[in-house]
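Presented sequentially are two complexes of subunit A, the first with subunit B as partner and the second with subunit C.
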Partner chain A sequence: MTSVTTTSPAMPPARSPARASAARIGIGGPVGSGKTALIERLIPVLTERGIDLAVVTNDLVTKEDAERLRRSGLIDPARVSAVEAGACPHTVIREDPTLNIAAGDELEAAFPGLELLIFESGGDNLASTFSLDLVDWWIFVIDVAGGDDIPRKRGPGVLRCDLLVVNKTDLAPHVGIDLPAMLAEASAVRGGKAMIATNARSGDGIAAVADAICRAVLFAP
Partner chain B sequence: MLENLVALQQADSTFPSGSFAFSNGIEGLAALGERIGGEGFGGEGLSRAIEVVLRHRWAGSDRVALILSHRAGNDIDRLAAIDAAIEAATIAEPMRTGSRRNGAALLATHSRLGTPGAEDLRQAVRDRRLLGHLPIVQGTLWRALGLGEGAVAQIAGYQAAAGCVTAAIRLGIVGAIEAQRILTALLPILAEVAGRPLPESDPGEEDEIVLTAFTPLIEIAAARHARADLRLFAN
Partner chain C sequence: MRVIDRIIGNRSEPEIARRLHHLDHRHAVDILTIETADTARRRLRATTRGGEEIAIALPRDETLFDGAVLVLDPDRAIVLRVGAERWLRLVPADRAAAVELGYHAGNLHWRVRFDGDALLVALDGEPDAYLARLGALATDGRVAPSVDAPPETI
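Showing the complex of A and B:
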């Protein structure tokens, strides 16, 4: 490759990006763990607290999660964007989050008072982690029905998230899970980092997740 | 040496550009192949499709817009005219939208990196003075990084071809090794179309913007794909 000019040949030194005003958080986790259900529960709680929010979803092969939120009646459908993951749910939140960044920028431009942008990852595996270029803080959702060995597997998602949510606590007795033992093991592998047990269906634990979000990125007491 | 390394960096698929999420018609062609029946859409069909894309869309449309944008530098009015020409010359809506979204994603990275001119370009898109099609963003910013017309055409052409084969791998159309075999066979075609001269106008006059593309089957496939309930790629 020889056809290049000789003026300003190199990348400029990196500088701090001009950050938009809304806080950006990620919600990841395995397929079926309850990410969309958690968001459905969080929206009214956060809205009740006066937080101006929007959501970007990364469905793998459909727009089901985006459509589910748009039709939920919980949020203005225009505040929900869907970004395709090109069969790579990891890539779109980590190695190349630019489509998500651009979708977030568009939502911020459309809704100038936006305070919180929630990025919902497509269902993935335990190695799924968010780039801090995309989000300021992120949640990883697992569920008791996925098995009490999930924390023991020490996946990067479980270990590195800012908040681990263990969902579907109501199912524990039905799937032979010792919930206190599972939570204790999860807390141990995370070195005591934040963890909340939820039942997104009933709403148990949702207020605590909202509290954690507000404290972490919205500077609420 | 440094210039070549900059070119490699910009061509590298690890450079965040959003391109991985666009199949640019390949997923639609695969679905159309299944519907038509027969042997379906395999390696041979993929190879033919990419050659068609390079010869009949990229060479006369994206490549020309790219080089004209490179020549336009930071002249937003001139870029807007080229941008509008791409919009008009790209008949299939998923391709138009895809080009704008891919441009916005690439611009998001360069804006955050502080590439000269990136923030101005981004503001022009926000202000609706530009649509921000991918070739506009590539041509303007790669020039700002010191890359010449030839290098810019090589990178964009390579990414157009490599993007199709990468999508095909993820769609299960071909394996990773077969994909490289196909890409290798396409390189001479890419070299020929990327190297075609684009004459410059007389000093003081702007180059005429003439974009040509004719890929009806891929556009039909892309239009069907846009309405599909199940799809992995943005187009």
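Showing the complex of A and C:
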């Protein structure tokens, strides 16, 4: 199992009531921003907190991300389901999320104690958003190497997500980015809504993302 | 923290209305107000007008609505109020402006309604952010904007 350099304080979430379905969260963002890497880091942190989870991945015409997670050794491969989104990844998380809803329902039926379902969108553009019919709460991942002008472009994904993750902070000096200025600009366009800077390779910031998930949909203190 | 995992009913149902009426006399009806956009969520945490932080975790086949009764105890009730949606009213000056406005609204994936000659855009933020996206159409006065004031909520 991959080790996690950032350890998290013990923060057991409130148990899901028996009637409710598992909490469903979305993780979207541009191609290569680090969505799968973020999930690979989150799985051991959330598992360590005793959270029963499963993942639905979305790819264009393959099951690449699902296979990557299944091979990772981080999660029972049966707990990873793949949806092939076709040409437009946002279509199956926003306009018609039926395929993803069905994949989530199947995982909930297969694993009755499931508390958290993570839907990873296929890599998309800055206009990508999740339907709240599919998820209760969603994260949008951008990365420093994508350019410090991304927040200024005011894409709906950046503006409307519940949590903005700015990943690959370690690359800032190598690509000429003033990280504090980029984060300040992102916070300004979002009107101060939640944002966390991460380095998914080292694990920096991952515990804070896990805290945000636990608090928002699993009702941890 | 109280976790609400079911909607008890609608405040207008006769038996529920009767019980709410009695509780209201004792100032025991608390109100939870949420934004229209949040009604699609099955899970959220929020604070009532009376200051109680509550968690909502509904099955996926239940949906929040204005007037949903979330708690109905002998000594206390919590009723959901959904904040009125705000709409940006855009009136194009002529046919050419209307065509251009329609293009922008579609291209930007705005939620819209039609009211005679006006296009109404559901606001999820400040109007200026929407007008900025219209560029010259707004700054040249080819579209006249105004915000429909939401009705007062209880």
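Definition applied: the second predicted complex is superposed on the first by the 201 of 221 C-alpha atoms of A that agree within 3 Å, B and C clash if a C-alpha of one lies under 4 Å from a C-alpha of the other, contacts with A are read in each partner's own complex, and residues count from 1 in each chain.
Note that contacts are C-beta pairs under 8 Å (C-beta built on N, C-alpha and C of every residue); 3 or more make two chains touch, one makes a residue touch a chain.
Every value quoted in this text rests on a predicted model; they were computed, and no experiment measured them.
By the touch criterion stated above, A:133 is placed in contact with subunit B and with subunit C alike.
Applying the stated contact rule after C-alpha superposition, one finds that A:40 touches neither subunit B nor subunit C.
Look at A:185: by the touch rule set out above, it reaches neither subunit B nor subunit C. Of the two partner chains placed around the shared chain by superposition, subunit B is the only one that A:60 touches, whereas subunit C remains out of contact.
In the superposed pair of complexes, A:109 makes contact with subunit B only, with no contact to subunit C.
Of the two partners subunit B and subunit C, it is B that touches the larger number of subunit A residues.
Of the two partner chains, subunit C is the only one touched by A:217; subunit B is not. By the touch criterion stated above, A:96 is placed in contact with subunit B alone, subunit C being left untouched. Of the two partner chains placed by the overlay, only subunit C lies in contact with A:160; subunit B stays clear of it.
Residues common to the contacts of subunit A with subunit B and with subunit C across the two structures: 14, 17-18, 133. Remark: subunit A residues 1-15, 17-18, 60-62, 83-88, 91-92, 95-99, 101-102, 105-106, 109, 133 touch subunit B in the complex.
Of all residues in subunit C, only 1, 3, 5-6, 37, 40-45, 55, 57-60, 109, 124-125, 129 touch subunit A in the complex they form.
Touching subunit C in their complex are the following residues of subunit A: 14, 16-21, 23-24, 127, 131-133, 136-137, 154, 156, 159-160, 191, 215-217, 219. Subunit B meets subunit A in the complex at residues 2-4, 6-9, 14, 16-18, 20-23, 101, 104-109, 111-116, 119, 126, 144-151, 154, 167, 170-171, 229-234.
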